[in-house]
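The two complexes that follow have subunit A in common; it is paired with subunit B in the first and with subunit C in the second.
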Partner chain A sequence: MTSQASPAPPAQAAPLASRPARLPRWALPLAGAAALAAAYLVFRGTATLPHDDDAAPFQWINDVRAWVDANRNQSPIFLFFVNYVRLFVGGLHDLLHLVLQGPGWTGLTGIAAGLGWLTGGWRIALLAAAGFGSFGILGLWEASVATLALVLTAVLLSLAVGLPLGVWAGLSPRLRRLLTPVLDVMQIMPTFAYLAPMVLFFQIGPASAAIATMIYSIPPAIRITALAVEQVSPAAVEASGSLGATRWQTLRKVQLPMARATIGLAVNQTIMMALSMVVIAALIAAPGLGSDIIRGLTRANVGLMLPAGIAIVVMAIVLDRITMSAAARTPHRTGGRTRWVVHRAVAAALALGGVALGRLLPAEFPAEWVVRFAGPVNEAVTWAKFSWYGVTDAVRNLTTEALLNPLQSVLTGAPWWLVAAAALALAWRTGGPRPAVVAVGCLLATALLGLWQHTMETLTTVLVAVAVTLLIGLLLGVAAARSPRFAALQRPLLDAAQTMPAFVYLLPALALFGATRFTAVFASVIYAVPPVVRLVEDGIRNVSPAVVEAALSCGSTERQLLWKVRLPLARRAILLAANQGIVMTLAMVVVGGLVGAGGLGYDVVSGFSQRTDFGMGFAAGVATVLLGIMLDRITQGADTRASSRTPTPTTDRRNKRKMRTA
Partner chain B sequence: MTSSDGAAIEVRGLWKIFGPRAERVLGGPDAGLDPVALREKTGCVAAVRDVSFSVRPGEVFVVMGLSGSGKSTLVRCLTRLIEPTAGEISIGGEDVRAASPARLRDLRRHRVSMVFQHFGLLPHRRVVDNVAYGLEIQGVPRARRHERAQEIISLVGLDGYAEAEPGQLSGGMQQRVGLARALAADPEVLLFDEPFSALDPLIRRDMQAEVMRLHREMGKTMVFITHDLSEALKLGERIAIMRAGEIVQLGTAEELVGAPADDYVADFVRDVPRSGVLSLRWICRPPGAGEPLDGPALPAETIIRDAVPAAMESSRPIRVIGDGEMIGVVDRLDILAALADRPVAAAVPGQRPSPGGAGS
Partner chain C sequence: MRIAHRIRLLAGVLALGLAAGCGGATVDTGSGSTAQPSGGATGSAAPSGAGTVKIAINPWAGYEASAAVISHLLEEKLGYTVEKKELAEQVSWEGFENGDVDVIVENWGHEDLKKTFIEEKKVAVEAGSTGNKGVIGWYIPKWMADEYPGITDYKNLNKYAHLFKTSESGDKGQLLFGDPSYVSNEEAIIKNLKLNYKVVVGGSEAALIESATQAQQQKKPLLFYFWDPHWLFNKVELTRVNLPPYTEGCDADPKKVACDYAELDLDKIVSKKFAETGGKAYELVKNFKWTNEHQNAVANDITNNGLSAEEAAKKWVEANQAVWSAWIPQ
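Right, the complex of A and B next:
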C-alpha cells in the first residue's frame, strides 16, 4: 500500500452508517421553492409595479433628447466629435454606394463572379453570379445594393477597428482580460438595445445605422482575431525570436501568416453579424432590404417581406461562401506563373464582361424579368392559415393558456421583492454570491427604469421559449449523438439554419400564427434550437471514450449509459447550451415585439415610431440589456461551477456538512 | 466450468480485421499478407490474426507486445467490446460469440470485469459510487451495494477515501478505484488492459504487488495486457508475445528468456538479467572427470540467483536434482558466467533442455 504518493485522506472520512442522517440533496431547493410559493400565496397582488407610460425615467430621457436636439449644433462634443463621426461614416457609406452602383447591375454581378472565381473557382463564381442575378429577379436590385453598401461600410469600419485591436489583444493578455467582459456584455445585448442611443447621438439615417451595425458586428472581429493570434504555435514564435527577429518582424512574418485562416473566419463572422443587424437597423431609417422586412413584419404581410427575406439569405450565403473559401485557400501559389496569370485573367474577364454586357442591356434591371410573387404568397399564407387553423390555433392556445398566461400572472402578480428574492436564491445556488448580486442588481434596475411589468412580460415569453428550446434541443442532440445517421442528416440543416439572419425565422412564424405572443415564442425556438442541438450533441459525443468503454464493460445497457454516464458527463456542455439558448431566445423575443410579442420589444419599436415614447423606448432598450445580463449570470454561474469540480470547494463544503452531521 | 478441458478462457482461431469488407479479406488469400501489403491492397488492418490460447482457472496470463501489436484489441474481443471478425471464444464454458446482447451484458456484469489503462472512472461520482457502479446497473439496492463497495474499498487499501471524488486522487489511487470497481461484482475473470502504464515507476511497482496479493488472496483468473517486459515476467505465469496481430511465442518467463522462438522475441528479452529468470536446469552440465560429487544439492527449478548462497558456502560443485535424480552439476564459474549474462548456450553447447520440459 502506498502512502508516500497519496494525498492525506479526508480527516473526517465518516463511516457510511452516518450518511442516511444527512439531508437529501433536493431537500433545500424544495424547501426554498415551498417558501416562495407560500409567500406568493400570502402576498399576491401587493407591491406590484404596474406599468406607467409616463414614468419619471422616461420623462427624464425625453428631456435629455430635447436638450440634445436643441444643442446639436452648439455643444462642443457634438460640434467637434459626434457630428464629424456622423459626416465621415455617412460619407463613406455614400461613396461605397456610388462605387457599387457605378458598374450597373451586369457589371456588379460580373465583379462578384470574378471575386468568386478568384477565391473558390467556378462553383463559387457561379453561385455569386446566380445570387446577384436573383436580387434583380426578386425586383430588389436597388434595395440590395443599398443594403450591400451599408454592410460594406459597417464591415470595413469594424475590421479597421477590430482587426488591430484583436491582434493587440492576442499579443497582450492584459488587454484581453480588459476586453473580455466588455465583449461579453456586447454579445448578450439584444440588437434593439443599440438603436436608441444611436438615434440620440447620430439621428436617424444610414450613418447611424452603419454605426449601430458596426458596434453589433465588432465583437467577433476582435475576439476571433485575438484567438487566432494567441493560438499561433509558441514554438514557431520562439524559433523566430531565436533567429533574431524583432517583435514586429515576428508578428508580420510568423504570427499573422499563421493566423490567416482564423482571421478569415473573423471577417466572415463580422459580415454575418452585420447582415443580421442591417435589417433591424431599418427601424432607424437604414436604407435597403430591411425596410421591406420591417414593414412586412409590422403589417403581418408575409408576401411583402418574403422577397426581401430571400434576398438577405442569398446575400448571406454568397458572402459567406466567398469569405470562407478565401480563408480556406492556401496562400501559396500553386502551379506556375502562367497559371497564376490565367487565373487572374479569367477573373478580370468575368468582371469586364459584366461591365461590357451592361452597354448592351438596359441600365436598370429589366422589369419584365422580375418575378413578383407577393400576391400568390399571401394567398398561400391565407390558405395555410385557414386550412391548418385547427392545428395552429390549438398549439397556440395551449401554449398561451397553459404556459404563458399562468406564468405571466404569477410574475406580474407577485410582489417585486419576492421575484427578486427568487432570482437571488436561484443565482446564488447556481453561481455563488457574486453572480447572484449582479443578477438581482440588474433585475431591480429594470424596476428603477419604470419597466418592471414589461420586463416580467418579456421574461415570461423568454422562459417559456427557453423551456421549449431546451426540451427540443436536448431530444435532438441526444438522438444525433446516439445515431450517426441521424446526425449526418441533421447537420446540413443546422449549418444552413446558423447562416441565416435572425429575423428570417419570424417569417414562417408570422405566416402560421399571425401577430401574437406565441409567434415570438415559435420564432425564438426555431432560432435557438440549432446551436443548442449542436452543443448538446458535441458534449455527449466528447464524453471520454475510456469512461464509456469502462461503463460498457460493466454491462451497462444503452439507457443506463445515457442516463448514468453520458448526460452527467456532458453537464457542462448542456449548461453552456442553456446559456446560449437563453441569450439567443431573449434576442429573438425582443425582436418579436414587432409581431405582437409585447413587453420590452414593443416599447422599443414604439419608441422609434412615436416621438413621445422615445424615453420609454430608450429605457426599454436598456432594460433588455439588464435582463440579458441577469439571465446570463444565472446560467453562466452554473457553468463555471461545474468546471471547478476538480479543485475542491464543493467537496470541502460537503465534507464540512458531513462533519456537522457526524 | 463446463468446458471439456476445464479452461477458464478458451480462444480458437480469433481474427479481428478493421476496415471495409473485413469478412471477404478473411475468407480470401489476402489474409496471409503481411500488414503493410494488406493495408495497401484492401485498406484493411488485421489487428488480431488467428490467435489461439487457453487460460487455466486461477492463472495469471500475460499478453505482451509493443503498441500496435493488437494486444488491446485482443482483450476487448474477449467480451466483445470490439466485435471479433472470426473465431471462437468461450469463457467459463459459455460461447461468447453466440451470446445474445442480454447474455453478453450478463457476462460482463457478473463474470468478467475489466481494468483500463486510463481508469475510465466517472468523475461526477464519489469513489464509493464508482466502485458500486457495476452493482448499481445490476439493480442491487443502495444499502447493499454500498456495503459491498466499502468492503472492496478496504480490500484495495483505499480506506477513508470512499467519499472523495476521483479527481482528488493520485493516478495510483484512481487505478485502485478502477480495480475495486472490477472486483465489486466478484467476477471469475479479471481483464487488465495496460492498467499501470500511465503510472510512474514506484507506484507501478506497488500496484503490481497489490495485484499479486489480490491474486493470492482471491485466486481469480487474470488476463493481463502490458507492453512492459519486466511487468510481464513478474506477474505472468504464462506469457504470450504478440507481434502484428499474431502470437509469436507462448510460454513461461523461463522459456521465453531461455529459448526465444525467433529473433523478435530474442531481441525483446536480450536485456533481461537471465540469472533472475532462468533455473539451474538451464546451466547445469554433466560432471567433468574427477569433479567431486559431494557438494550441496539443489532442485533443478532453483533460480540461478538463488543458488548463490549455496555456492558461496561450498567450493564444491552444486548437484542439480531433477525428478529425484541428479541431472548435472553447476560450479561457481557456471554461476558467475550466468550472473554476468554470458550467453548460456556458449558455456555448454548442446546441453539445453527442450523448452517444453522446463517449468511445467
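Right, the complex of A and C next:
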C-alpha cells in the first residue's frame, strides 16, 4: 500500500476525457438512476420471486443427502477413502491431544515459554508463560488444551497440504490461476454452510471439526506461500541457474530460504484462521473452548462465555507473537557456537523446569487459583440492558424504519430483471463489461437456486452494514492518521474486536437490541470496522509528505488538506477498504441468521439444525458465495479502474490478496 | 493414570483401524477414542469398571437439568466420567452412529428420527420415559387474555394481529420462535390456518424467556412459542392460545399440519452399543424417571439462582434421596 505516494494526475478527469465534451459527467449516471427509479415505480410488485421452502434445487440436494446417508457403509468411496480420512484425522487429533496433555499444566506452560524464548527472547517467553497460565486462572485449562489440539491438527494438515501446493503455485502461474477462484470460494463460503455436509461425510466429532477448520484455514497457507516464492528476486534465481544449479537446487537453496519470512507469515495466518473456527467447530461436537461459548449463547449468559472468549484471544496473541517472531528471526546464527548452545539450554531449562514443577504442584490446575467473574459480568449486562433500554430501542427502531425496511421493500418488491439491470449498469460503470457480466450471472444464479427473495433480504442487511462500517471506519481511520496517540490507543481494541469470537459480543447486542436485523448489522459492523480503519489510516498516512507540504505552503487549511489532498489521494485505499468491508460483512451473514437477521443466514443455520432443510441450507451457502462474488466484482472493478493510472497495479493487487487473507 | 489409559485405548483403536483395513472402513469401527464402559468395539483396549459416558446437551434448561442430575449420579455414585457435548437435537442423533453420543436424556417425539436411527440404521434404542410430560404451544401473557376477549381462540388471532406487529414482522403479527433447531410446525400452521402472522426467530430459549418477562413487566403484547415443563410458568403468568386440537395423525405430513402439538411422553434415547455394553451406567439412565416439578426446581436453580448445573444437581440429589435411590442399579 505504498504506491499512492507517486503523485497521480488530478483524480477524476481521465476516464471521461474521451466522452463528448457537451455532456456533463453526472448526466449519464443520473439518467440511469432516473430510468431505474421510473421502472421500479411502474413495475413494482411484478416479476418478484417469492420464497418457496420446497424449491426444486433444495429437494434435489436433499435426495443426494439421502443417498449418501444410505450408502455410507456400502459405497467403496466411503469404505476405502472417506472413512479412512476420518480415521486418520481423528487419530492424529487424539495423538496430539495426548501429547499436549502429557507434560501437565506446568510442563506445557514451561514448553510454551521455552518456545517463546527460542523465537523471541525473554519478552515472548514471558508472554507465552503468562498466556498459558491465564488459561488455568480462567478455569479453562482442560478446554484450552482441547482447543489447542484441534487447532494444531487443522494447522498441521493445512500446512502439509498448503505449503507444497503454495510453492508449486508460486512457480507455476497456471496452477495459480486455477487455484485462485477455488480459494476465493473456500473463503467466502459461510463456514456454517459446510458444517452440515461435513457431518454427512465425516460424522460429528473432532475429525470432521478438524477438516472443516482446515477448509477455512488452508487458503492463506497456499496464497501467501505462493506469493513468497513468486516474489523472490528473479535475478537471484537466474544467477543460481547460470551457476549450474538444477531447478530443485534453486528451489531449496535460493527460493525457499529467501521466501522464509513470508512463509512464516503464511503459518501465522493459517493458525489465526484456524482459531477463528473454534466456536463453529463446537457445533459438531469438537471439544474445547467453543463449547463454553455455545453454552453461554444458548443460556444467554455472557458471564459464562466471556472467559472462554478471553482465552481464545489470549491463545491467538501468544501463537501470533511466537510465530511472528520466529518468522522475523534471521536464519543465520549470530554470536558463535557457545551462544547457540546457551540459547538452546535456556529453552530446555524452561521446559524441564515446567515439567519438574509439575512434580511439586498438583496435576490438575489448583481450583483455588481460578478467578471467577461470571456473576459481576452478568450483573453489568443486566444493568446495561435495563438502563440503556430507551436509547438502544430508539437507535434500533430508527435504523430499521429509516434504512432497513425501505431498502428491503425496494429490493424484494422490484422485478428481478430490474434488480439485475441495476447491478449490470453499476458493475459496468465501475469495472467494465467483464465484471458486469460475472456480477449479473452470479445474481441470476441465486434466482435459479430458488433463493432470490432471501438473497435480496441479505443484500439489504449487507448494504446497510457496509455503509455504517465505512462511515465509522473513515472517521476512526482519519482520526488515527492524524493523531498517533489516538492510533496507539485504539489498536489493541481493534485487535480484540477482530479475534474475539463474534458470539461473545453478539449476546450483549442481543440483549440490548433483541433478535432483529439491527443486531446482525451491529455485529457485522464490529467485525468489519478494524480492517477498514487500518486500510484508511494506512492510505492517508502514505500520502506523500511532499504533496502535503506543497499544499500547506500554498496556504491550504487543515480541513482543505484533508478534503482536497489526503482523502482524494487515498482514494484507492478507501475503495479497497470498502471491498474488504463487504467481504467481512458477508462472513457475518450467517452469524446474523442466528440473531434474527433472516435471509440466507437463517436458511444456512436451519439447514444445519433441521434435517429436512439440508438442501435449502446448502443452497443458501452457495448463494452467499454468489452474492459475495457479485459485490466483489462491483467494488473490485472500481479499484482496478482507479489504479489503472498508477505505475504498479500488480503489486497492489497482490497486497490486496494479502490483506484479504489477513 | 488417565494418560496411560488413553494410550492403551489409542493403541487399540489404531490396531482396529488396521484390522479393518482389508474390508474398508465402516463408520462404527472408527469410534475414535471413546471409552465405552466395557466391551464393545474398542473393548479389547478398555479396562473393565467405570468408563466414559457421552451425554448430548440440547439447548434448553429443562434438558440440562435432567442431564446434570444423571451426570452427577453417574460420577458420584457409580464412578463414571461424563463427557457433556453441547449439540442441537437432530445433530445429537447423528452422534449415535459413530459413538460420539451415548445418551439423549430428553427426546421430544421426533418420530422421523426414530424411524431412521432406530428402525432403519439400528444404531439407537429407546430407554424409557423420563416421567416428564412435554407439550409445545403458542402462549401470550395472561394480561392480554384478560384485556382482549377471545384472543386465546386461534380464529380471532387475525383480528388482533396488529397488536403483535414489530419492526421485524412488517405488516403482519409476530410469532416469536426460539432456537432454530427446536421442533417446529409454525410455518405450516400459519399457512394452513391462513393466519396473518410471521415467524420471527429469537435464536434461543433465553430470547423467549426475556421477551416473555418483558411482556409481563412492561405490558408489551407478545405471542410466542413455548413449552411445558418450564420453570417460567412459576414466574410469569402465561395463557395458551388454543389451536385446533391435536388428533391422532394430524401432524403426519409436516407440510399440512393445521393442529396443535400433541402432549408428548418425553423419553430417553441411547445408542445401541451403550445399551448393550453400558452396564450400570445404562441401567441408571434407563431407571431415571422424575416429575415436571423436580425438573423445574433444578432448571430454576441453574437459570435464576446462579448455580452451575453441577451445583444445582448436587443440591437436588442431597434433598431427594428417596427419589433417586431407586434409580441406582444394584
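One rule holds for everything that comes next: the second predicted complex is superposed on the first by the 539 of 662 C-alpha atoms of A that agree within 3 Å, B and C clash if a C-alpha of one lies under 4 Å from a C-alpha of the other, contacts with A are read in each partner's own complex, and residues count from 1 in each chain.
We take it that contacts are C-beta pairs under 8 Å (C-beta built on N, C-alpha and C of every residue); 3 or more make two chains touch, one makes a residue touch a chain.
The structure presented is a predicted model; accordingly, all values stated were derived computationally and were not measured.
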item: Which superposed partner A:56 touches (first subunit B, second subunit C, both, neither); value: neither
item: First (subunit B), second (subunit C), both or neither touched by A:555; value: first
item: Which of subunit B and subunit C A:546 touches, first, second, both or neither; value: first
item: Touching partner for A:516 - first (subunit B), second (subunit C), both, neither; value: second
item: First (subunit B), second (subunit C), both or neither touched by A:565; value: first
item: Partner chain in contact with A:367 - subunit B first, subunit C second, else both or neither; value: neither
item: Partner, of subunit C and subunit B, that touches more residues belonging to subunit A; value: C
item: Touched partner set for A:239, first subunit B, second subunit C, both or neither; value: neither
item: Residues of subunit A at both interfaces, subunit B in one complex, subunit C in the other; value: none
item: Residues of subunit A defined as touching subunit B within the complex; value: 1-2, 4-7, 9-10, 13-14, 16, 544, 546-557, 560, 564-565, 568-569, 571, 645-646, 648, 651, 654-655, 658
item: In the complex with subunit A, residue positions of subunit B that touch it; value: 79, 81, 105-110, 113-114, 116-124, 128, 133-134, 136-138, 146-147, 150, 157, 159-165, 167-170, 172-173, 178, 181, 185, 191, 202-203, 206, 210
item: List of subunit A residues in touch with subunit C within their complex; value: 53-54, 72-73, 76, 78-80, 83-84, 86-87, 90-91, 94-95, 98, 101-102, 199, 203-207, 282-285, 287, 291, 294-295, 297-301, 375, 396-397, 400-401, 405, 510-511, 514-518, 594-596, 598, 602, 605-606, 608-612
item: Subunit C residues touching subunit A - in the complex, by the definition given at the top; value: 3, 6-7, 10, 13-14, 17, 23-27, 29-30, 32-33, 57, 59-61, 83, 85-91, 94-95, 97-98, 100-101, 112-113, 167-168, 170, 176, 179-181, 184, 187, 200-207, 209-211, 254-255, 303, 306
